[in-house]
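To keep things clear, I will list the structure first and then write my remarks on it.
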Amino acid sequence: MSGSTYGKLFRVSTWGESHGKALGVVIDGCPAGVELCEADIQVLLDRRKPGQSRYVTQRKESDSVEILSGVFEGKTTGTPISLIVKNESQRSADYSEIASYYRPGHADYTFDEKYGFRDYRGGGRSSGRETIGRVAAGAVALKILDMLNIKVYAYAAAIGGIEYDRERFSMEERDNNPFAMPDAVAAEEIRKYADEKLSECNSMGGIIECVVKNMPAGIGEPVFEKLDANLAKAIMSIGAVKGFEIGDGFKVAASTGLENNDAFRMKDGKVVKATNHAGGILGGMSDGSDIILRAAVKPTPSIASIQQTVNKKGEEIDISIHGRHDPMIVPRAVVVVEAMTAITLVDMLFMGMTSRIDRIVEYYKNGD
Amino acid sequence: MSGSTYGKLFRVSTWGESHGKALGVVIDGCPAGVELCEADIQVLLDRRKPGQSRYVTQRKESDSVEILSGVFEGKTTGTPISLIVKNESQRSADYSEIASYYRPGHADYTFDEKYGFRDYRGGGRSSGRETIGRVAAGAVALKILDMLNIKVYAYAAAIGGIEYDRERFSMEERDNNPFAMPDAVAAEEIRKYADEKLSECNSMGGIIECVVKNMPAGIGEPVFEKLDANLAKAIMSIGAVKGFEIGDGFKVAASTGLENNDAFRMKDGKVVKATNHAGGILGGMSDGSDIILRAAVKPTPSIASIQQTVNKKGEEIDISIHGRHDPMIVPRAVVVVEAMTAITLVDMLFMGMTSRIDRIVEYYKNGD
Amino acid sequence: MSGSTYGKLFRVSTWGESHGKALGVVIDGCPAGVELCEADIQVLLDRRKPGQSRYVTQRKESDSVEILSGVFEGKTTGTPISLIVKNESQRSADYSEIASYYRPGHADYTFDEKYGFRDYRGGGRSSGRETIGRVAAGAVALKILDMLNIKVYAYAAAIGGIEYDRERFSMEERDNNPFAMPDAVAAEEIRKYADEKLSECNSMGGIIECVVKNMPAGIGEPVFEKLDANLAKAIMSIGAVKGFEIGDGFKVAASTGLENNDAFRMKDGKVVKATNHAGGILGGMSDGSDIILRAAVKPTPSIASIQQTVNKKGEEIDISIHGRHDPMIVPRAVVVVEAMTAITLVDMLFMGMTSRIDRIVEYYKNGD
Amino acid sequence: MSGSTYGKLFRVSTWGESHGKALGVVIDGCPAGVELCEADIQVLLDRRKPGQSRYVTQRKESDSVEILSGVFEGKTTGTPISLIVKNESQRSADYSEIASYYRPGHADYTFDEKYGFRDYRGGGRSSGRETIGRVAAGAVALKILDMLNIKVYAYAAAIGGIEYDRERFSMEERDNNPFAMPDAVAAEEIRKYADEKLSECNSMGGIIECVVKNMPAGIGEPVFEKLDANLAKAIMSIGAVKGFEIGDGFKVAASTGLENNDAFRMKDGKVVKATNHAGGILGGMSDGSDIILRAAVKPTPSIASIQQTVNKKGEEIDISIHGRHDPMIVPRAVVVVEAMTAITLVDMLFMGMTSRIDRIVEYYKNGD
């Protein structure tokens, strides 16, 4: 079945393979009147671009985006926005070998089981390059959120078990080191750890954290289209993510009601919460506090160390994967988490517009 | 927007409030020919029924299910299956007080923000009773999985920080204690912990684990309708769940590629994995190994201890919540996790039937 | 696959068979705050109720509706509205014979081909009683439209080739004759024609016309979710409808651009059209004029005259269908056309709320 | 809301404007293993290409399609297929004038009402060029149908009131005249009529008929996703279509049950129908007979004759539309009807695969 479209009202359909001609996305459901140019999108794509440090893949791609439709005189028209990024540095020859066997931790085996064969060049559709379309669409979603004064930012919360220290947290620092780590001291520790793992031809995992500020309360559609449920799906759909939590997440399991409940208080005439164990979500709806989510990212499966696997003939073999791979996924995936979060928020903000008849009546009166 | 329907091909629409006339579910997309009677569903509903121990709510409900449509001469007909459970023990008077304020950790505030008002009786739609429809539909999904020889079972992995010991794991034991804990020793420890928390008018959280056996490989639709992404959404949509992980989950964040990759091996002429850190999912598709997922469940927010909150007039007040509440959610939520997992698996097995043209051609040839 | 849900944002899921325990509908996506009681729905159900004249089926059913969820203190809460109508006059014994053969013009054969068997009692799910859920949901949609000052009314445009005369058109007259015909003279002619056909054990077809007044311009989502495309689907999904047209419909095929184009003019400071060949739709969106649509309804296939068919053993046989059948479908289907039109309009009005970023920004500002 | 995606399992998302950089389509849900090259698609696009006779627009476009993703080594991979056609002959200057007023019969006014402004160049998204994506996707659908031995062909049934004669019907003749008319005599009459209308700066409408052969019985999902309901939506979503009918269509309104019912008979051990008034659909499902549908196409609204309209300032003005317009839409729309029919059939054939549990069990057994 089709699976490359995300969203109900703000719909994002991505396409493209690692070593095909191009990758892209069609955004259907973007409202008319949003100012949009290629630079708005490029700035996000540049954050996931390869080759920016020795800790990510050395593949060289400019990843330049082109708007093919849906924008007229600098504004979105309400019709589908088609965005394309051409592949420039396909080195498919690197991959001829992997056609014949199944790389551990990769989707080679499951693709073959599902489809009968696969585009093995660079992982084809299961490559991390697939996220180009997500990030491009996320850039548009972020522009919409910005008009609603909603801010989304993600960063590395940990790499190889080395976490940021809340005391030293600095969003500015995030962009000063190759790990997207908002803590210079932790970043330095990670550098040492990463150098060690690189020298061992090994790879490492980590955690990405994402915060949403100024989210209006009441967004999310009980009981299945809850905001946290959709965020979970959005984030878990990113390759290599193996866990998702909101607010205190897995810590709640050992907590008690007295500790975990967030008291409601009044502040400046508004209802606020004294604490935020809930991570900004109550009953599957935003509660007006910051939304805080975390994603567990596995170590890159492509490693040059010797590994055991089987080939398509059913023989057990030893392999060593060469090519241009990221020794860690977290730094380049941070912007993907922002993108998927933003797309989900826009979609659910749109869904939220039909929850009250008085506002619908008002909307159509104003339209006259 | 609508949010009470789950699934794309096997569609489950639940309805009903805690203190309304009834609760129910419509299953649309169940294939014809599945043997189904009320007892098949009742057995699962009985596992989530209230009042079965002192560690759950004392509300008395028989939760008897009635099939209203979609079954003829003992078999599903392919048309919508309507299931209904009547409420018997509404004590709405208990709740008149909470109409005026927002219970911490509950959806009272967010419901009011979203809809302008709410059915406050017993939490209305945000009550745990909402899961009756999920469990009833899950029973039908489990019957379908059974015909495909796929097994799903969940249990408590931890309550209040007390985990089962893998050495002592026993599925039989799960049904011998009031905690759904597959380890008698851990269950005894939990009993002590729970008695202590009960005496403090406090509540406790936990972790539910779910295992799927015999899942065929290749199920899941890249890149957004991945199997793990949909399981995450399904499980996170259950009230009180704050985290989700698959396989090693959050542990992968501190792991390395060498440790985390599962080697492929041959066994009895079939491709298998030597380990299962991935929890049965590669690239968003089932890999033929056991699927293993975990959900973090928060402590029940309804506690009799004094708590701070605000009322609808914007006054800060102190409250103490009385009524018939579960001091822990995990035991009764175990079957809900099984149900949501089963519904998701059926839906995605159905989606998986159109991935290969040769099988489609064969399907329609056989149909002649 | 599931097929008993209609709509994207205002979602209607019907269930139930002609001779099952009950029929019903779940409405998911109705906004909170709509005043609703059972009488609002009953008034529409009464218009499709059997046994009201000798020109419709003599089956006796009160078709009393009960609201099971989604309404609190007289208002919708934004959660799913479950409506149920119990079957009272099942005479399944009438139908034991038809289990073994395929009635011409009915869905017996196709149901068996699709599902392998069928609930043959009264046609099961393919019975006209299936429309009870549509009409009940339509009543809710009409309440919403009423709050937006949008009016929907349908009537018989022709029965057995006898059309209403535009000069004599009177909406009041529609409810004065058993044919829903807005023209007393035509109604009288139809009576004679119908008596003749009844005496011949034959049945007759007709045309239903539906008009929508005060529809705001710009509703409909190019290029596939056009308003006319969705109206076509909604109306064609009603059993026995074989054709659909909007505005001049099939007449445009022999027209020219000069004749068919509707000139734009100014009236009271507003853009209007001098004529309305387009039937209120331009480019798949409402243009502010009356929407006018027509449905062609086939003669009831159940007739007592001798017919040729085959049985399940593959033998050619002669049959005569007895039981309590409508000799014409149009009179009772008029309210079904209104219902499906209303549901579609509400759904598309909701979809239309995200077409312009300025209005979305305004919506969320007002929400604070 | 998004509206540029069609289909549930075989999903087609089109994008692009008449005078933008390119137009295209993403097909998500095409099964793996379908042989596909650009020539397969080009052959259909060539049938809708402009400039092929004096009776269609003189705009010169090669409409060359390029496959950007989803095909590897000559076969579809199961991942999204991205197809692009570059615009070559944009003469946007022609259209600067129409920016300021509303062309009668066009979507200018409704676009402005919906979105606040519009890409006025050549009608932007509401141009007939939007159908390029439909036809390209339809070519893929037709390849799938061909593997299932299902044939789809459309042709002009009438232009300007001149119909084909069933005695002279010849599919070969369809491609011999510029009107897609399967009757040489009728084509010659149309030529005279068209020349007359051309000389008057007028335009003409017509009817397109489409036949589907070898459709298996039982396809279509009651009660809302009926095959005829979805075909109606698909065809009505094509610009300029104002009416849709299946089988005898509007003629059934004046017919009787005795005349209209198709008797079932046995032939070569199979159930067949003696006649086909139903047009191959019973109860919303295919019955194994030929599916026959018809679409009423309005005259091209762009005509050079003087017309009355209003401009954006609200002034009543007279206009004459110049540029390169089709004096009739039917000839180039025939292939669009084939495409939309084919896409719908594939989508519903896929939906039909989950209707019976025995076949699902068999499917997954075979998969091992």
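First chain written, first letter: the chains are A, B, C and D, and each begins at residue 1.
The criterion applied here is as follows: a contact is a pair of C-beta atoms (placed from the backbone, for glycine too) under 8 Å apart; a residue touches a chain by one contact, two chains touch by 3 or more.
Quick caveat, the model's predicted, so the values are computed rather than measured.
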Comparison of B-C and C-D (more C-beta pairs in contact): C-D
Mean-CA-position distance for chain D and chain C (Å): 26
Computed distance of Cα centres, chain C from chain B, in Å: 38
Residues within chain C bordering two or more other chains: 1-5, 8-10, 14, 29, 32-33, 78-79, 114-116, 125, 222, 350-351, 354-356, 358
Chain contact topology (line, ring, star, complete or other): complete
Chain D-facing residues of chain B, complex: 8-10, 29, 31-34, 76, 78-79, 144, 147-148, 216, 222, 349-351, 353-364, 366-368
Chain C - residues contacting chain D, complex: 1-6, 8-9, 14, 102, 104-107, 109-111, 113-116, 125-126, 130, 158, 160-161, 197, 200, 202-207, 217-226, 228-237, 239, 242-266, 269, 271, 274, 278-279, 282-288, 296-303, 305, 307-310, 314-316, 351-352, 354-356, 358
Chain D partner contacts - residues on chain A that touch it in the complex: 1-5, 7, 9-11, 13-17, 20-24, 26, 28-29, 32-33, 66, 68-70, 72, 75, 77-82, 84, 114-119, 121, 124-125, 350
